[in-house]
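Below: a set of structures, written as structure tokens.
There are two complexes below, and they share subunit A, which is joined by subunit B in the first and by subunit C in the second.
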Partner chain A sequence: MHATRKLSGAVILALAAMGAQAQVSDGVIKIGVMNDMSSLYADIGGPGSVTAARMAVEDFGAAKKGMKVEILSADHQNKPDVGSAIARQWYDVDKVDAIFDVPTSSVALAVNQVTRDKGKAFIVTGAATSDLTGKACSPNTIHWLYDTWMLANGTGGAIVKTGGDSWFFITADYAFGHALERDTAEVVKKNGGKVLGAVRAPLNTQDFSSFLLQAQASKAKIIGLANAGGDTINSIKQAAEFGIVKGGQNLAGLLVFITDVHGLGLQTAQGLILTENFYWDMNDQTRAWSKRFAARNGGKYPSMDHAGVYSAVLHYLKAVEAAKTDEGTKIIAQMKKMPTDDPLFGKGRVRADGRKIHPAYLFEVKKPSESKYPYDYYKVRATIPAEQAFRPEKEGGCPLVK
Partner chain B sequence: MTEIFGIPTQALFGQLLIGLINGSFYALLSLGLAVIFGLLNIINFAHGAQYMLGAFCAYFLLNKWGLGYWWALVIAPIAVGITGVIIERTMLKPLYKLDHLYGLLLTFGLALVIQGLFRNEFGSSGLPYPITKELTGGHNLGFMFLPTYRAWVIVASLAICLATWFMIERTRLGAYLRAATENPQLVQAFGINVPRMITLTYGFGVGLAALAGVMAGPIYQVSPQMGADLIIVVFAVVVIGGMGSIMGSIVTGFGLGVIEGLTKVFYPEASNTVIFIIMAIVLLIKPAGLFGTQK
Partner chain C sequence: MRHQKIALVIMAVLFALAPLAVYPVFIMKVMTFALFACAFNLLIGYGGLLSFGHAMFLGTAGYAAAHSAKVWGFPPELAILFGTGAAALLGVVTGLLAIRRQGIYFAMITLALAQMIYFYYLQVKFTGGEDGIQAVPRGTLFGFIDLSNIWAMYYTVLVIFLGGFLAIYRVIHSPFGQVLKCIRENEPRAISLGYDTTRYKLLAFVISATLAGLAGATKALVFQLASLTDVHWTMSGEVVLMTLLGGLGTIFGPVVGALIIISMENYLAQLGAWVTIVQGVIFVVCVLTFRRGVIGELASFLKKPL
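Right, the complex of A and B next:
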């Protein structure tokens, strides 16, 4: 009896020692960057996100600190089934420790579930649905960058308050579009506006003229575009063709990235109001980083998603260093515990529901005559402080918030 | 106001017209496919990439050499057509003796390579191409605002479709072409250079794709995957119309554009699947397609 107790004590000691030794599973921290590499969202994330992750690993100085970090990447083709299959393969076979980026809310929700089942770590920068920190929140997921609530209150709120009180939505027909429409409609109604109707357009539609005609017929003052990437570009471009803005209606691009503005050209995009958390031309640090990034990204400047991946990977590595483990659930807890600080987003924190908070900016797209150098596209209309930019923790219905 | 199924008739007219506009792209693209399949028996999966090349060609002409839309309408189809001729001579020719599948696989691979290269270089958001000055603006038709450019697209593509149909079905050159597909040896025996004729036909089909690309540039973004998104639908159009039937592809192109347009009003969620549903039904009832003949 006595001997057994002694023995078990020794085993526990040995296990504890092993735990301290084997800090990182299989000696390598494996990061998977998963996004749309080839279709309508590829410029927002795509290969640029992989570059951003690499830069984070280098800037963190992983090699000098003796940490071995490997980056994998994959194309989820905007399909939830493809996304969850990749996530399973990565976690089970390739021993990936954490997945980053994952735009396309439907895919992100699928990966969110797989990650939770496997006890790994998922840091979403690319997807928008606010459900990731609401009813689908998970102890294994952090929603890093922006979400539909933030967009709705940023862009939507600003427009309703300046008189745009009747809305018609052109909505991308999947989780993201639905969430963005829902959150924006709520803001519109809360501020005394009306929603006159909505039309659900399939993801990756080429021709929006039919939907634009329906929006025109609704006589709404504001046509809310609850879509993203190539869909937003095509809707804005074709709205100009059909004389929507000249006819007295205004467009609200609820999720517009700098890559979209670049694709549209300032002539078409001028005057658009949009909400983002990052713009390359904010301060010396963002400028320096963005120029470094552009040099490695074929001259293309970073989107806010690229900046998000960079800062998320940086914080993740800091957490691994501090917690001396890369075990999913523990590392997410550690990331929530540590305050965030990086050159692109400044100081911030991660809330219990997994929401990372930082300021949001209401931008207006410059006129061609105001743009002085390449990618000189935005002027800041307003800054929304970090604590107001996102949905209050208690209102999301996340079970992790007590 | 009178209503049909709860939709004001005026709105319905607008949607019909928009359907026709989209249909004109389907018709133009499926026409090229039908010509190539009907006369060469090649399923040209690179058609979407060639359509994209046409749009990019127009973009370069404008931004590098200052040559506008009207020049692009002439130069882009010829330039892309020449690349088609080279592809036919160097890659497709050895495959004629083999099954259709090999041509399909080769052109599919080519399309992926071309689109990948362009995406690497230009990104996925695409590049803007302005509507040429002569065609900006629009007219209020009462039931809708019709941009001048879209009106031009309908007229131009109808004219091109009918001219192509006339050339193949009603002229001597067309008769040679059709005869050469039926029996190349015999036609060659009459002193006609069949291989060259086939090469030029492929070049012509590719040129049609490029022409459609130039016309699409000002409406959509000039983007690397603009063709990939469209080509599957266009293949469905060709299958519904009857593989290789010229008139079939024209009529179904416009017709399906209209049906898709109406779906966008009555049940928008299904607008990207309705064409495939129709394809499935047509294949069940009439496997050779609406205008096709069983061989």
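Right, the complex of A and C next:
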């Protein structure tokens, strides 16, 4: 009799203890950072994104608040099959609660699907395709940082308005390139410009010569580079070797990160117009954070993706704290409900279609003579307010928007 | 023969119980690759034909199954059948061209054809290029088994794998298999005995392509994705590696080889590009110290064919 009472007492105690932290599955919040760790997009995200996530966990003060947060990372090698296999295994075996980053739109779309099937949470900062908040939108996904619509309207719109009215595209041949070309072509046509043609280059191309020659032969005023990372660097460098800019045609890098400008050097990159949501030298807060980040990242300054991962993880942890759960669908709903606020992007919000909105900036790359200190690369040409920077909610065709 | 049957039962039981201890999706991957390697082994181990383009059958079947299931709404059994059929058809066409030559020329022709197929799939619209065919529905098998349930999917794959394995086992031990081995050992003598070796080789090629296709179609449903990885030449190389590591010309060798290679890829994935280097080292060690592969060495130790 006595033993039974003791036992039932223990059971009740155990149940109560479980109840106290019942909502966070297995007592640990597990975050997976998945990106390209070794290939052409490794500088944009790569190990730096893991550092950024770690900083977010520390700055949030998870340990002090008694929340246990673990960070896992993996290399998806830019292959959708590898990415979806990792995501599946993370959710099923490693009990990961949310996946962050995931550049390479084809992989992001695959992870988007797996996350939806498993009812977990997916916060994309690295991938660009605007389909993530359009026809592929999901109640389990937030598209945090930038997208092809924003890039097209930022860089594309600015160039058409300053007289660049005939375009030829060199497009990375997968979901991202296709979406970026589609969205930019729309902007060009809407502003009265013409698209003379496009050529598709395989992902991770080393030799752009035949594509550049086609672009040169098209006689278009603007050669739009609908690619990213190593591909952008290679195509800009090789265009310089072909004397394309000297011949009177201009290059438009539709997705350029500060890491790409760093790789190109100001001599080659000067004058490029580009759209980003984050630049380390914007204000005191971004400068302070970026210097902290650089100290932990081998002296390399953060890309907008690194900043995006930081702010996304921060908001995610705030939502977990507020909702007292880490269950995927609920936490995404909570993240949409709460306004966002962080030192890097300021105040913002997440829309019903999963689009997080914040201002976008049109930058111009400085001349070597204008650059005064390391990573002093950009000057701001225009600020696009948050509400105008992204595709209006109703035009995306996302079924979540009523 | 009796010990082979015992080994077969042990293997079946192990695979049936494995998901209790190991992640089921991982074992399903092992089984599909094991079937792929067994199909490849039928050709090289028993027919003496080294195909260096077997990924084209795996990938073609995957694309055909994924497209038919996703776009045309085929139920899973028909999608797998359709994928397998597509691979068989491709096997007939490429086989007719390739078996006219032997040795390195045969390998080069299959590689060349596989590369053509690869670039075709890269460019053509329905495969989605780099994106692959994503979100393939698993559907309901025969209208009442819901494959979105992981256990239903697992045992379906197990049945397919064992079925394919038994088919290969049967082929090897049939008179046809004996003639095939005879051709491998000495083709002129087989011809002098009155066998039309070309027809035997073609049939072996088509059977191998078909079973590789069966593996590819199943894989597409398991992962709900068909991608370029499966048609890339590295996949053709990987299946050679699996077969050599497990034991060329042994019945169980390719299964063990697939298990080793897939486990390495899975558990060493954090090493990134180093996985290929580790694989290379293992391959060198295998060639230098146990040339007959894991199962081949075991068989010669037991003095029984396995």
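General remarks:
The rule we apply is simple: the second predicted complex is superposed on the first by the 381 of 402 C-alpha atoms of A that agree within 3 Å, B and C clash if a C-alpha of one lies under 4 Å from a C-alpha of the other, contacts with A are read in each partner's own complex, and residues count from 1 in each chain.
Throughout what follows, a residue touches a chain if its C-beta (ideal position, glycine included) is under 8 Å from a C-beta of that chain, and two chains touch if they have at least 3 such contacts.
The structure presented is a predicted model; accordingly, all values stated were derived computationally and were not measured.
Steric overlap between subunit B and subunit C is present once the structures are superposed on subunit A. Once chain A of one complex is fitted onto chain A of the other, the partner contacts of A:S209 are limited to subunit B, with no touch recorded for subunit C.
Of the two partner chains, neither subunit B nor subunit C is touched by A:G126. After overlaying the two complexes on the shared chain, residue contacts for A:R88 are found with subunit C alone; subunit B is out of touch.
When the two complexes are overlaid on their common chain A, residue A:A74 makes contact with subunit C while staying clear of subunit B.
Contacts of A:G328 after superposition: neither subunit B nor subunit C is touched.
Of the two partner chains, subunit B is the only one touched by A:L40; subunit C is not. In the superposition on chain A, A:P103 contacts neither subunit B nor subunit C.
In the superposed model, A:D173 makes contact with both subunit B and subunit C. Between subunit B and subunit C, B touches the greater number of residues of subunit A.
In the superposed model, A:L264 makes contact with subunit B only, not with subunit C. Touched by subunit B in one complex and by subunit C in the other are residues 38, 173, 202 of subunit A.
Subunit C meets subunit A in the complex at residues 23, 25-26, 29, 122, 129-132, 134-135, 223-225, 227-230, 269-270, 272-273. Residues of subunit A that touch subunit B in their complex: 38-43, 46, 173, 199-202, 204-207, 209-211, 213-214, 216-217, 229-230, 233-234, 237-238, 241-243, 247, 259-260, 262-265, 267-268, 298, 300.
Only residues 37-38, 74-75, 77, 79-82, 84-86, 88-89, 92-93, 105-106, 109-110, 113, 173-175, 202-203 of subunit A touch subunit C when the two sit together in their complex. By the touch criterion given at the top, residues 8, 11, 14-15, 18-19, 21-22, 116, 119-121, 123-128, 130-131, 138, 144-145, 147, 149-150, 219-221, 223, 225-226, 229-230, 261, 264-265, 268-269, 271-273 of subunit B touch subunit A in their complex.
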